[in-house]
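Two complexes are shown next, each including chain A; its partner changes from chain B in the first to chain C in the second.
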Partner chain A sequence: MQRARIRWHIPVFLAPAVLVYTAIMIFPLFNTLRLALYSKVDQERIFVGLDNFRTLFFDPIWSEQFWNALGNNFWFFIVHMLVQNPIGVALAAILSHPRLRFAALYRSAIFIPTILSFVIVGFAWKLILSPIWGIAPSMLDFVGLKSLFVPWLGKEEYALTTLALISVWQFVGIPMMLIYAALLSIPEEILEAGEVDGITGISAFWKIKLPLILPSIGIISILTFVGNFNAFDLIYASQGALAGPDFSTDILGTFLYRTFFGFQLQLGDPHMGSAIASGMFAIILIGVCIYLFGIQTRMRRYQM
Partner chain B sequence: MKRNFLKLALLSTALTATSAMAQDVTLNIESWRNDDLVLWQEQIIPAFEAKHPGIKVNFTPSAPAEYNAVLNSKLDAGSAGDLITCRPFDASLALYEAGHLSGLDDMDSMSNFSDVAKSAWQTDDGAVSFCVPMASVIHGFIYNKDAFAEVGVDVPTTEAEFFAALDKFKEDGTYIPMAMGTNDQWEAATMGYNNIGPNYWKGEEGRLALIAGEQKLTDEQWVAPYATLAKWGAYLGDGYEAQTYPDSQNLFTLGRAAIYPAGSWEISGFNTQADFEMGAFKPPVQNAGDTCYISDHTDIGIGMNAATEHPEAAKTFLAWVGSPEFAAIFGNALPGFFPLSKEPVDLADPLAKEIVGWRGECESTIRSTYQILSRGTPNLENETWGASVAAIKGASAPADLGAELQEGLASWYEPQQ
Partner chain C sequence: MNKARKNPFNTLAMHGALILYTLIALFPVFVILINSFKDRKAIFREPLALPDAETFSMIGYQTVMKQGDFFLYFQNSLIVTVASLFFVLLFGAMAAFALAEYRFKGNTLMGLYLALGIMIPIRIGTVAILEMMVAGGLVNTLWALILVYTAQGLPLAVFILSEFMRQVSDDLKNAARVDGLSEYAIFFRLVLPLVRPAMATVAVFNMIPIWNDLWFPLILAPAEETKTLTLGSQVFIGQFVTDWNAVLSALSMAILPVLILYVIFSRQLIRGITSGAVK
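For the complex of A and B:
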């Protein structure tokens, strides 16, 4: 019997991707998880087990910050789900309308903010909303609604929602594009068959198109979830590492940054920082698992 | 042929590079003062290099807010510069304890500095100094002289006069009475609480009593500044809640605001930006004739990376930083950063001269939260930022703020328990 030849080309071709991915993703991830189990006492790193997590969840000083950041993060996510994704779907539905003129122009204009850097977006919006130089107060003044102007980014009750909406403004192009692609892939015959049965116009959207694009909406939701719980840049660029006013815009990313690298007189603590990073990883992992096993497997797919 | 040529070219560049290294030592300076880049490149470094051929100096600053984080990462990775600009107190003490900074007591030039000047960069027992003191900053208020003349306001010396002046500007309406925002938070604590506070807690007396555990943050002298800050909110202009630090600077230098709660570090920037005459007044005292206290905060020092490859050259540079020559260049190039050397330096800038003159009239102290008290979690300095903002916005009562800070401090600081 002939011995099976070792197929060398498989490991050779896999090697670059595996090596690079291991070096820059898998190793740092596990090293972070490991780092969370240590602490530094008198310049020496000692193993403390789950002590950092006990501090994070049960020490009142830490847990208050953690739950505040987590709560803010959920609000950030909810605003995206309630505003960004419905608007994205609506824009896609309008764009895919065959009689809309200049569709390509609108599509590009709405998508362009997505490719801008967070720093530019944060800075530009900070200027737009600035009570001193911003155009927001003067525009409101122009239509006689100056009394509605509030220094939104400086008020505890509005700052986080304002930032979430800025982020929505920046990223609404992504769900729009994905849904737009999904809508275009719906065959004409199905819509025509529906028309024969008397389903036209807006009800064609609700009864035929929406069920067919549900899987895409699911994907968008999970992308939004992962993106929001990893968010950091926009808050840091516009509100700084202390996520003011009074920590009202503090999300897990800024909390992690402040703890890991330190801030002003507060020295960095890589071990507590890693504990927070591990917490973030766990939250995202759980969220993705709920989606993958709880929702995606039950979603009905239609043969098109 | 072509390839050979390339090799040759590479080899020759490599050779010239190594031969250059053999002659010259290059020192890199880590700093957060990116505003001073030009001054270092055009005045300080040439002056040093002219006297010390063979040593090249590179000034490589990073953004102030990121400096500590960036520096710590670089030091841990072994890629930090030879010379390290030192933040005062614990940030640098931690670097020394971690073995990143060298002790400097064997240097002669350290005797040019007083003990108070050195205190920001010493071990708690004062046994080892690890940074050469460079400069301190003084807090107070900078004002627009033209605005004061136009509205007819006298320069205030007491608190009552101070608020009367603000009222007058508010009534007049031409100028925003005071330019400060709470968006970035630190100004409220640094230019607010720690600016006016020393008059309440009597400077060093109160600060040291707090460290010793004899006074508490709930005591009247520590709470009263918050009550005063609470009155500031009404004079800060529309939307001060979202006003950033650069916004405030621009409002003042554009001549739209009358008073700017300041640190002296603003002087050089304001001199180039503002086209009106500026003056300065001390933090107002409660009653005329009271002893005044100013925050004369040791702010910058410079030390040597313990892992440097060129300790001799680095020490040569540090010795020069401790010399009167450097103090004169630095003090005049950067009006508002006042040299700490024992020998007084003659300053040319009138505003800087006015402010440094307060050293003779008032008792000096440093910011209350910097020494020892910001060592634990929660961090008292960062908490003070939030508390000062809350006071100005009127979000919390002064007594509650004091109680909250005291609780946080007592949770980890033994003398306060």
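For the complex of A and C:
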């Protein structure tokens, strides 16, 4: 009997990727979940079970911040879903129109904000909306609406929505591109068959194209969800780690950063930080599961 | 052909909408760039005017050059991005080849394991990553960032590249085997050159998030000599908040390299996205 010889090249090919991925991504992920169950008392790490989570959810000081950050994060996500994705779909629908001239030019120009870093975007908008510089008020003055101007980033009631809209401005290119690709892949015959039945123009979009691109809209929604629930950079760059004014723009990412690293007088606490990170992990996991099992499997995929 | 598609009014409305949105997209970038070349008075008096002979000034750029080590930051960003992309592509392609080419026990499971990271952001593990980097003495080195970005980029790279490698013809590989080429030679000399377009797509996808990341440079490598351009400009702008010339110039200096790269690679990037690589 001849034993199958071990094909050594398979582990050799797999090893580097699996090692780096396991060591830097998977292991720290689970280690963070584990660290959330510990606490530091007198320079010693002791096991405290679910105490950190109890503090996070029920201790008045912590829970107020946590629920505030979570609520803000949901609002941040809702603004993206309601503004970014419809604009992205609309732009893609126009761009995919056959015989539209300069489509490539528009596409590249509209994608430019997406390639800029949050630091640039955050500061650029901070300057533009600043009452000191006066670009925003003078532009509103130009259309006769100067009375509408408020220092949006400085007011508690507007700051979060303003930042969400800035983020929408930055990322609208991504849904636009993905939907554009999906629209281009719809075969011409289907549209022509619709035309024969008298479905053209706008109604062709609603009745034929939109149902066909629903899977892409699903992907965009889950990408937006994951992106929003680990967002940090834009808020940090424009409002600082304190997510001012008065924590009104605090989201889970900035809350995690402050807790983990400390700020001003509060010392950093890696264990409470781990607890918040575990919470973020749970939220993202729930979102991904809802998408994978609830939406994706039920969505009808049309054979094209 | 139907009439709706040729209606001149519709065409006009479509161009109107696109031009309006293009203006919204480009306006902030434009305002920052033109004002960085003006003197302080002109910035405030006529923020929307182009710089002319009278108002032209490079004072902001001079401050930036004197105060911040932007060349060092730029160099750090470049090293981190290029090295991370190199490892993502090399390791990713090797793993993708193993998954696409060979049938072995646990193949599907391994594929799923590697795909987990596509949806779960690596940031969740930050606390433990920092602890590990402290233990390994890698804090404030560029290696810490390179390792993290390599791990972050691998899942999507393996996923996309293995899709493409399945399309490489078996006859070609078997012919090479008959000629006595080793599996390694088949991978490096035959398959890699064939999937070059897919590698470019993966590279462009990974480039932007790595270059623009603020979180990990802030946490793993905040020292002066390891600052990346994104972190460097963040810190610099934070210190010079009231010096508008310096802030605008620093922003422009952060925008320009990305914009130049985009002009070079935009076709590749857009083709990558629209070819459905992320389906």
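Just so it is clear, the second predicted complex is superposed on the first by the 301 of 304 C-alpha atoms of A that agree within 3 Å, B and C clash if a C-alpha of one lies under 4 Å from a C-alpha of the other, contacts with A are read in each partner's own complex, and residues count from 1 in each chain.
We adopt the following convention: a residue touches a chain if its C-beta (ideal position, glycine included) is under 8 Å from a C-beta of that chain, and two chains touch if they have at least 3 such contacts.
As the structure is a computational prediction, the values presented were derived from the model and not from experiment.
By the touch criterion defined above, A:178 reaches chain C but does not reach chain B.
Within the superposed three-chain model, A:133 lies in touch with chain B and with chain C [touch as defined at top].
The partner that reaches more residues of chain A, of the two candidates chain B and chain C, is C. Within the superposed three-chain model, A:13 lies in touch with chain C and out of touch with chain B [touch as defined at top].
In the superposition on chain A, A:110 contacts chain C only, with no contact to chain B.
Comparing the two interfaces of chain A, the one with chain B and the one with chain C have residues 133, 261 in common. If you check the complex, the residues on chain B that touch chain A are 65, 68-69, 72-73, 89-91, 94, 97-99, 181-186, 237-244, 247, 251, 369-370, 374, 377-379, 381-382, 385-386, 389-390, 393, 395, 408, 411.
Contact residues on chain A toward chain C in their complex (touch as defined above): 7, 9-10, 12-14, 16-18, 20-21, 23-29, 31-32, 35, 87, 90-91, 94-95, 97-100, 102, 104, 106-121, 123-125, 127-128, 133-135, 138, 169, 172, 177-178, 180-181, 184-185, 195, 200-201, 219, 222, 226, 230, 232-233, 236-237, 253, 256, 260-261, 270, 273-274, 277, 280-281, 284-285, 288. Taken in their complex, chain A has these residues touching chain B: 43, 61-62, 126, 129-133, 137, 149-156, 239-242, 244-247, 261-268.
Contact residues on chain C toward chain A in their complex (touch as defined above): 2, 4-5, 10-11, 14-15, 17-19, 21-22, 24-26, 28-29, 31-32, 43-44, 47-48, 87, 90-92, 94-95, 97-99, 102, 104, 110, 114, 116-117, 119-132, 147-148, 150-152, 154-155, 158, 182-184, 187, 208, 211-215, 218-219, 230, 233-234, 237, 244, 247-248, 251, 254-255, 258-259, 262, 266, 269-270, 273-276, 278-279.
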